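Next come two complexes built around chain A: one with chain B, the other with chain C.
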Partner chain A sequence: MNLCISRLQEERKQWRRDHPFGFVAKPVKNEKGVDIMKWSCVVPGKEKTAWEGAILKVEISFPEVSYKAPKMCFPIICWILLSSSGRFVPPLFHPNVYPSGTICLSILNEDEAWKPAITVKQILLGIQDLLDEPNADSPAQAEAYNLFKRDREAYDRRIRQIVRDHLG
Partner chain B sequence: MDLTGEDGPLPESLDEIVQLIQQLYAANQDPTSTSRIQEVLQQVQRSPKGWDLANELLRYGDKEVQFFGALTFTVKINSDWEGLEEEDQMVLLNRLTSWLAHLVNTQSAPFVVRKMCSTLAIFFIHFPRLWRRCIRHLVCCICAQPIPLELLDQQPSTADIIRNAPMEKRIPLLWFCSTLVQEVGKLDSKFIQNAEVHQIAKENTSDAVAVISNALNATGQDLGQVVQENIDPNYVCLGLECYQAWVFFALKSSFDTAMEFGELTPLTQVAIMWLTSPTVFETACEVLTEILTSHTKFLGKDDIVTIGNVLSSPWGIQHFEELRSGESDPDESIAFGRLVIAFAELRMKELLRDPNSPQSSAILQMMHGMLTCPGYPVEDDPFCTLSFEFWDSLVEMIIDAEYEDMEPAVLAEAEKHAFLAVEEYWNKLKIPPPEVAAQWSKDSCEGFASFRKDVSEFIESAYPALRIEMLNKLTRHVTDVVGEPVWADVEATLFCINALGDLLTGDPQEFVCLASLFGSPVFRMLANTELNIPEKPRMTAVTLIGSYASFFEQNVEYLPTVLNFLFTSINNPRLARSASKSIVGLCSSCRTFLISELQTFLVQIELFSSQLTVDTVVKEKVLSGIAYVIQALPTDELRIGPLTMILGFVEKDIQRSMMMLSQGEREDAKELALFALRCLVGIARAMQSVEDMTEPAHVETNTNFWQHGEGSQVQQAVIVTMQSMLAAFEEDGEIIDEICGIVKAGLLEQTPGPFVFCSQVVVDFVVNRGVRSVRVESVIGIAGTFVCTQSMTLQENIVQTQRLVEFVLAVVENLQVPSADSIASPAAIEFLQLLIQKSLYHLISIPQSRLENVLIFTLEAMSCRETLIKKSAAKFWTQLLSAQPQDPDIRNALDEILQVCGPRLGEKLVMQLGGGCYRSELDMLAEPLKKLVVRSPSAKKWLQDVLDVEGVPSRRLQPQDKRMFLERVFLLRGGKQTNNLVREFWVKARGNELFGYTG
Partner chain C sequence: MSEQDATPPPPKQEEGAHLNIKVTDGNNEVFFKIKKTTQLKKLMDAFCDRSGKSIDSVRFLFDGTRVQPTDSPDTLEMQDGDTLEVHQEQVGGAFPSF
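Then we have the complex of A and B:
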C-alpha cells in the first residue's frame, strides 16, 4: 500500500482512539468513498482567549508524494485551509492566514520547526495555539496583521466580534 | 545556606548538599527557591565530583537523598559517558549493580530501586557491547551473587535462579526489564549506532521471557499452564506490563526487518488466561486492549480466537452483565468495555460475516448493550462514548464497501447494525429533565454536551451509508406523533436532523421528509411562541432552521411561519442570537419573497428595541436582515420610509453615545458608537443591489435620488453621523475603521443608493484624515477602492483621483523609507499598483522628481525584511512591467521609467532570489522576473551585470551556475517553469538541498 495512505490510516486510528476535547478530524467522503488524502477538521478556540467559543473549520489536503522512509516517519506534507464562517473566502481574519485561506504555521514550515513525524493532532493543536499567538514575523494577510500590530486592544475586540458573529 | 546570590559559590560539604536535597523535596517550598535549589544541585551533579557524590548520597539512610544519588549517576552517565575508558566503564557497571543489589537487600523505598533500575538502563544504552547480557547478569547479581560477566554461562538457568529467589528480589528485575525496552525504544533505530543498541537489547529476549514467565506464574512445557492460586497480584500485574513493553519493543525494533517474536509469542496465551483472575483482571484487560488496538501484528490467529472465546464464554457474558448493571467497579468495567470494543473493531468483518455464531452474536450484542446501559452518558454511563470508535469504523466500512469487494450479506448485516446504533444513540442523547441536570457537575454537563456533539458527528458520518432511510426514520419521530409530544424525543430528533444540514443531496425523497417535518403539527407548535413549551426544543428548532436555509429558500411557502417564529424568538435571550443569525441568512437569500412580511418585521424590531436591555449583536443582525428586505422593494420611494425607521434605531444609539461622552463615560460611549456604526455597515452592505458588479458605476449626479433628490435627507443624516463620530472621538482608530466599512460598502455599490456618496465626500473623508492618521492604511485602502470602482471617464472622478494621488504621495514622502512603517508602506504601494491598473495616466503625470522618489521607495521595498512590504513591491513591479498602454506618450514615459529603474530592479531581484528572501516568498518574487525578461531588451544585461560580480548573490554559486540560470531564465521567456528554476537557484544559493523535495 502507498506509504502515504498507510501513514494517514494510522493517523486516523490514533485520532479515533484519542483526540483533544472539541476537536474533529476525519477524512472527507466523496463519490468514491472515504478519501483519506483530504481531511475535514474542526479546531475550537482556546478558553480564556479572544477565540473562546470559536469553531473553526479546517481542511487539510495531503498531496501524494513518493518518499522513502519508515512508515511512522513518513512526513506529513499538507496544505491547510482555515475557513471563515465555513467558507474560505473571505479569509479568516488572522495575521498568519493567507488571503487564499491557507495557513502559515511554523511547525509546517520546513525552514523552521517542521519534522517528518509530525501528526495531525500536533498540526491541529498547533493551529489552536496559533490562533491566540499569531506569529508577527510571518504575516500572511495585511488586514489582520495591521490591526494586530497597530492596536492589540482593537484587534482582540475584533476577534471577539468575528467569533461571535461568524465562528460561534 | 544562602542561595540568594545568582552565581554564589557551590556548596562544598556533603552535609550542605544533603540539606539542599531535603529542602528540595520538602513540602510547601515556594517555586522560586525550588528552582534555585535545583539549579545549584544540577551544577553540583555535573561537576567533576559528581561520581563520588552519587556514591556518598546512596550511602545515606534518607530515601530522598538515595534517590538523588541514583539520579546523579544518571546525569553523570548522560553527560560524561564519552570520556569513560573501558576499564572505568566496568568499574562503573560493578558499582551500579552492587548498589542495586544493596538497595534491594536493604529493602530501600521502591522509587529509589526503580530509579537505580533506570540508571542501569541508561548505562546499557551507552555501553551495550560491554553489557550484552544485561538481564541475565542482573538476575545473577541480585538473586545470587555478583559475578564477573565472563562467568555468566557457568551459572544455573535464568529461570532457575529467579525461581529460588524471594519475591522482593524478583520485582526489581521486572522493573529493569520494562525500563530497559522503554528507554531503548525511544532511540530511533534508523541510525546505525541506535540499531546496534536495539539489536543487543533484543538478544536479551529469552532472559526477559524467563523473568516475565515467572511473574505470570506460567509453568509446564511451552508455558502452557497458569497457576492462579497463591499469587501476589502486584507481581503478576507488573509481569503483564513488562510483557506489553517487550511486545511494543519487539514490534518497534523489527519495523525494517522481518517480524520475529518467537520467544515472546507463547506469553500471549498466558496473558489472556489472566483475564479470568479477579485481582489481575483490570491490568490484563488493559494490556490486551493495547495490543489488540496498537500492536495487532503481534497477535497470532490462535491468540485472537482465544480472546474471542474468553469474551463470549459464560464468564465473559456474566462480566458484561455486571458492567451493564453498574454493579462492578467502574474502572474494571471500563477496562472490560474497551477490550470488547477493541476486539469487535479488529474482527468487524468476521463478526458480520457469521453473525449468528455464538461468538459473533455475543460480541455484537455486547456492542449494542453498551449503547443501552441505564443512565445518562458521561454522568452515569461511560460506554456510549467509548463505543464511537467501533461504530464510526462500521459506517466507514459500509461507505467503502461500494468500491471494495464486499459480500452483499455482510453489507446488509452492517447496515442493520448501524441503523440500530443510530436509534440507540438517538435515545441516549435526549436531554435530562432540568432537576436531573441541576445535580450534575460542570464536567458532567460539558461531557454530556460533548457526547451530543460526537453523536451529531456520527450521524453525519452515517448518512452517506444509510441515506434516505435514516432521514426518514428520524423524521418519523416527529411526524408520527399523536397527541402531546414528548419534547425530549422531539428535541433529540431535531438535533440529529440538524447534523445533516450540509449533506443533503437534493434527492426528491429528502424533500418529502423535510417537508413533512417542517409542515408537521409538532413543528408548528414549536413555532407558535404563545404555547408553553420547554425552551431547549425551541432552541434546537431555531438552530435547525439556520441549517436548512437552502430548503426554505427553495420552498418559500414555509418561510412566513419560520421567520415569524425567528422574529418572536429574538425577545428570548436564550434564543435571540441563534435566531438573529438565521434571520440575516434567510432575509438575504429570500428578500423578494419576504416583502409582504416587512411590516410585521418592523413591528417586531420596534418591540425588541423598546426593551430595557438589548443584545447589541442581535440588534445589529436583525437590522441588516430587515435592510435586505428593504433593498428588495421595487422603488427608491418605497425604500425611504422603512429605511428611515431602521436608521432611526441607530440614531438613537448615536445620541445615547454622545450623551455618555458628554458625561465623561468615554469607554462605554465608544463601545456604543462602534456598535451603532457597525449597524450602519451591516445596513449599508445589505442595501447593496444583488447583481454582481461587472462595470464601474455610472452615477449621474444630477439625477441622483439619494444625493440630491428625495432620499438626500437619509444620506445627509448618515454623513453627518459619520462626521460627528470622527469629531467626537477625535480620530479614534476603531471609529475610522468602521466608517471606512460604510464608505467602502457605498463604493462597491453599482447603482445609486443611500450609502453611495458623491466622489467629493469620499475623497474629503480620505484626505481629511491626514498623512499621520492612526489608520492611514485603512484610509489608503478606501482610496484604492475608489480608484478600482469609479469610472475614470467622468471629469469629476479624474479630479478627485488626483487629490488621492497627492495624498498617497504625501504619505510616502512622510515615511521616506518603506521600513519606517511596515503597515503604511505596503498600503501606499498597493494603491500605486491599483493606479497602474486603473489609471496609469495619473501615475505618469506625477512630476519627475516626486515620481523618482516613489519608484525608489518601491524598489527599496523589494529588499525589506517584512514580507508584506516586499509582496506589495513585487506586485507593483509585476503590474508596471505588464502594463501595455495604447497612448504613445504614456508608453514612452513608461519605457523611460524602466530604463532608469531597470538596473536597480535587476539587482534587487537577483539578491532576493539568490537566497536573500524566504522560501515562501519565491513565487511572488518570481513574478516580476517573469515579466522583466519579456519586457525589455536590456533586461539580460541588467541581470548579468549583477551576476557577474564575484560572490554575488551567494558564495555558494559558481560562475557556471549563474550563467546557466541566466540562460535558462531567458529561454523560458516568463513561462511557469521559471518558478522551478528560481527555486533551484535559491536552494543552491542557500546551500541546503533538503528543502528541495517538497517543491
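Then we have the complex of A and C:
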C-alpha cells in the first residue's frame, strides 16, 4: 500500500474518532467503492461572524503521485462548492478564492506553508478561519477584494446576504 | 468495497455485537453502547430525554447525512467510536447531500 493511501486512511480513522463539531470529511463513494483520494467535506461558518450559519461544501482531491515521499503526494487542490444545490460556483465571493473556485491559502501551497504533517482537519479549520479573515495581501478575485478593501461593513453585509440566500 | 476493507478488523463476533457511539450537540457529549442492529430511535430519544430537548427540535447527523429513527448502526455502516451530531432543526435550510 502506498504512503499516500495509508496516510489518508489513518486520517479518516482519526476523524471518525474525533472531529470538530459541524464539520464533515469523508472519502467519496463511487461504483467501485470508496475512493480515498477524493474527499467530500463540509466547513461551517464560524459563529459570531458574517459567515455564521453558512455550510460550505469543499471537495479535496489528492493527486495520485504516489511513488514519491508523502510531501510530494500530498499537495492539495480544494474547491468550494455551493452547498444547497451542489452546483459548482465559481467564484465564491471571497478575496482569496480564485474565479475557478480554488482556494488561495498558504498552508495549501507547496511553495509556502505546506508541510506533510498538515492534516485534513487542519486544512478545514484553516478554511473556516480564512472565511472571516481574508488575506488582503494575496487577492485572488477582484470583486470581493475591492469591496473588502473599500468598505468592510458593506462587505460583511454582502457576505450575510450570500449566506442567507445560498449557503444556509 | 467498504471503507474498512483495506484493514480488516479481526472478526470478533461477541465484541462486534455492540458499538460505543458518541452523541454530541457541540457542548454536551453522551456515550451510548448499543447493538449494531438496534434502531437509532432508541438512542435519539434517550439523548433528547437526557438533555431536555424535544425530538422535533433537533436533527441527528452522521457524517453529514441526516439519520432516520429507523436507521441502525448496521445500515449506516457505523464503527465503534463513531459520532452522531445533534443540530438544531431549521426551516428552509438543507444539509448538502453527498
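One rule holds for everything that comes next: the second predicted complex is superposed on the first by the 147 of 168 C-alpha atoms of A that agree within 3 Å, B and C clash if a C-alpha of one lies under 4 Å from a C-alpha of the other, contacts with A are read in each partner's own complex, and residues count from 1 in each chain.
The rule is simple: contacts are C-beta pairs under 8 Å (C-beta built on N, C-alpha and C of every residue); 3 or more make two chains touch, one makes a residue touch a chain.
Worth saying up front: this structure is predicted, and the values here are computed from it rather than measured.
Novice: Using the superposition on chain A described above, determine whether A:Gln9 touches chain B (first), chain C (second), both, or neither.
Specialist: second
Novice: Does the superposition put A:Asp165 against chain B (first), chain C (second), both, or neither?
Specialist: first
Novice: Once the structures are superposed on A, label A:Pro139 by its partner contacts, choosing first (chain B), second (chain C), both or neither.
Specialist: In the superposition, A:Pro139 touches chain B alone.
Novice: Is A:Arg152 touching the first partner chain B, the second partner chain C, both, or neither of them?
Specialist: neither
Novice: Just checking: does A:Lys57 make contact with chain B only, chain C only, both, or neither of them? Give me first, second, both or neither.
Specialist: A:Lys57 contacts chain C only, not chain B.
Novice: Of the two partner chains, chain B (first) and chain C (second), which one does A:Gly22 touch, if any: first, second, both, or neither?
Specialist: A:Gly22 sits against chain B and chain C alike.
Novice: Figure out whether A:Ser40 sits in contact with chain B (first) or chain C (second), or with both, or with neither.
Specialist: Second partner only, chain C.
Novice: Is chain A touched at more residues by chain B or by chain C?
Specialist: The larger set of chain A residues in touch belongs to B.
Novice: Do any residues of chain A touch both chain B and chain C, and if so, which are they?
Specialist: 16-17, 21-22, 24, 26, 32-34, 168
Novice: For the complex, give me every residue of chain B touching chain A.
Specialist: These residues of chain B touch chain A: 190, 255-256, 293, 388-389, 392-393, 396, 399-400, 402-403, 450, 457, 461, 464, 577, 617, 621, 678, 733-734, 737, 774-775, 777-778, 822-823, 826-827, 830, 866-868, 918-920, 994-995, 997-998.
Novice: Can you list the chain A residues touching chain C in their complex?
Specialist: 1, 5, 9, 12, 16-19, 21-22, 24, 26-28, 32-34, 40, 42, 53, 55, 57, 83-84, 86, 168
Novice: Where on chain C does chain A make contact in their complex?
Specialist: For this pair, the touching residues of chain C are 1-3, 5-7, 24, 26, 63-64, 79, 81-83, 85, 87, 90, 92-98.
Novice: State the interface residues of chain A toward chain B in the complex, per the touch definition above.
Specialist: Checking each residue of chain A against chain B gives 13, 16-17, 21-22, 24, 26, 29, 32-34, 65, 67, 70-73, 77, 104, 109-111, 138-140, 142, 145-147, 149-151, 154, 157, 161, 164-165, 168.
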